[in-house]
Amino acid sequence: MSHEQHQNLIDSLHECAVACNHCFDACLKEEDVKMMAECIRLDRECADICSYLEHALSRNTPFAAELAAVCAKICEACGNECKKHDHEHCQKCAEACFKCAEACKSIA
Amino acid sequence: MSHEQHQNLIDSLHECAVACNHCFDACLKEEDVKMMAECIRLDRECADICSYLEHALSRNTPFAAELAAVCAKICEACGNECKKHDHEHCQKCAEACFKCAEACKSIA
Amino acid sequence: MSHEQHQNLIDSLHECAVACNHCFDACLKEEDVKMMAECIRLDRECADICSYLEHALSRNTPFAAELAAVCAKICEACGNECKKHDHEHCQKCAEACFKCAEACKSIA
Amino acid sequence: MSHEQHQNLIDSLHECAVACNHCFDACLKEEDVKMMAECIRLDRECADICSYLEHALSRNTPFAAELAAVCAKICEACGNECKKHDHEHCQKCAEACFKCAEACKSIA
């Protein structure tokens, strides 16, 4: 599939990476940081793999399907952790993660 | 400055990174790849630093100004190389690079 | 597995990423760049995923096995392309790629 | 300067990135995570920029000096934060950061 055909996935990956980075920053500013430790860890992992895949797709990587399969797993894990927390940044992040996981699965 | 205030810059960085990665892929498929060697090199560097800065901003890095100053230089170098070539992907990439360089300078 | 237990893999990933980046640079300086186009593309992909995995391991990512499986595939593809070319940088890169692929498979 | 001439700096960057990632992981497992929030933030930034620069050098980036100047600043900020904390991972990380900052300055 070409760069253009991946446009929806590229957009979902970008939104997810930004949401995860925003959640990472916000979690570090919460009163109870200890409770957010796993969220912080997964936000970083998810932001990084989404950013990786987004740019790999935009340069027509031959490994789109394999990378998308891993990315979907990481997005789901991050979304599952985020949705446990009531903070708005966590809820928004969970939503972006689940949407991105579905988009990844469509090419995995 | 917060994540929200950087939104225009984040968008410019994202567009520039995608344009550079698209140009990288297209240059490697050109008839005369040798002529595109410097473009290929700078496309990678520019895509990578724009992606880096975009995500650093979205997690509220304390080093926005310093990173944006370097990013502006790399965007300009990539834009200057790309605009030498008539290929549509190069011309589009040059445009995205110069726009991004200006956006970077606004916070550098 | 902990950061310490992954030390051999971290070393192989690091050597492979550096070899791929060196090969990328050297390919762009070859007389016949067109012949090296696929090598240039795969060198970038392989360097980037090895670097990603190396740092993911060093922060104890929960996704070591999944990422290593993808990385092994990319290392093999890059090694197979590099070994077609007689340049010393390609031969060295192929060797680093195959060694890294094996190390990745040991945890995948 | 060529890839070979940068070997010492490449090694320092690699050690620093690994130390920062290890410290990031260890900070998230501490009893008092809130006290480590700034350390966690800077560990990520420092690991990421060191990894970026290491790989940029290994592909002969034309922007070594500019990137090294920013990297030195980030390494120093991370080292200054880490050295405030008595945990062994923080002290080791501070040491790697200051060593890397010096190595960066030698080419900045």
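In order of appearance the chains are A, B, C and D, and numbering begins at 1 in each one.
The rule we apply is simple: a residue touches a chain if its C-beta (ideal position, glycine included) is under 8 Å from a C-beta of that chain, and two chains touch if they have at least 3 such contacts.
Source: prediction; values computed, not measured.
Counting C-beta pairs in contact across A-D and across B-D shows that the higher total falls to B-D.
Separation between the centroids of subunit B and subunit D, computed from CA atoms only, is 24 Å. Counting partner chains per residue, subunit D has residues 24-25, 41, 44, 48, 59 touching two or more of them.
Chain contacts in this assembly form a complete graph, since each chain touches every other chain. Subunit C meets subunit B in the complex at residues 24-25, 28-29, 31-34, 36-38, 40-41, 44. Across the interface of their complex, subunit A is touched by residues 3, 10, 14, 17-18, 21-22, 24-25, 47-48, 51, 55, 58-60 of subunit B.
Remark: subunit A residues 41-42, 44-45, 48-49, 52, 56, 59, 61-63, 66-67, 69-70, 73-74, 77 touch subunit C in the complex.
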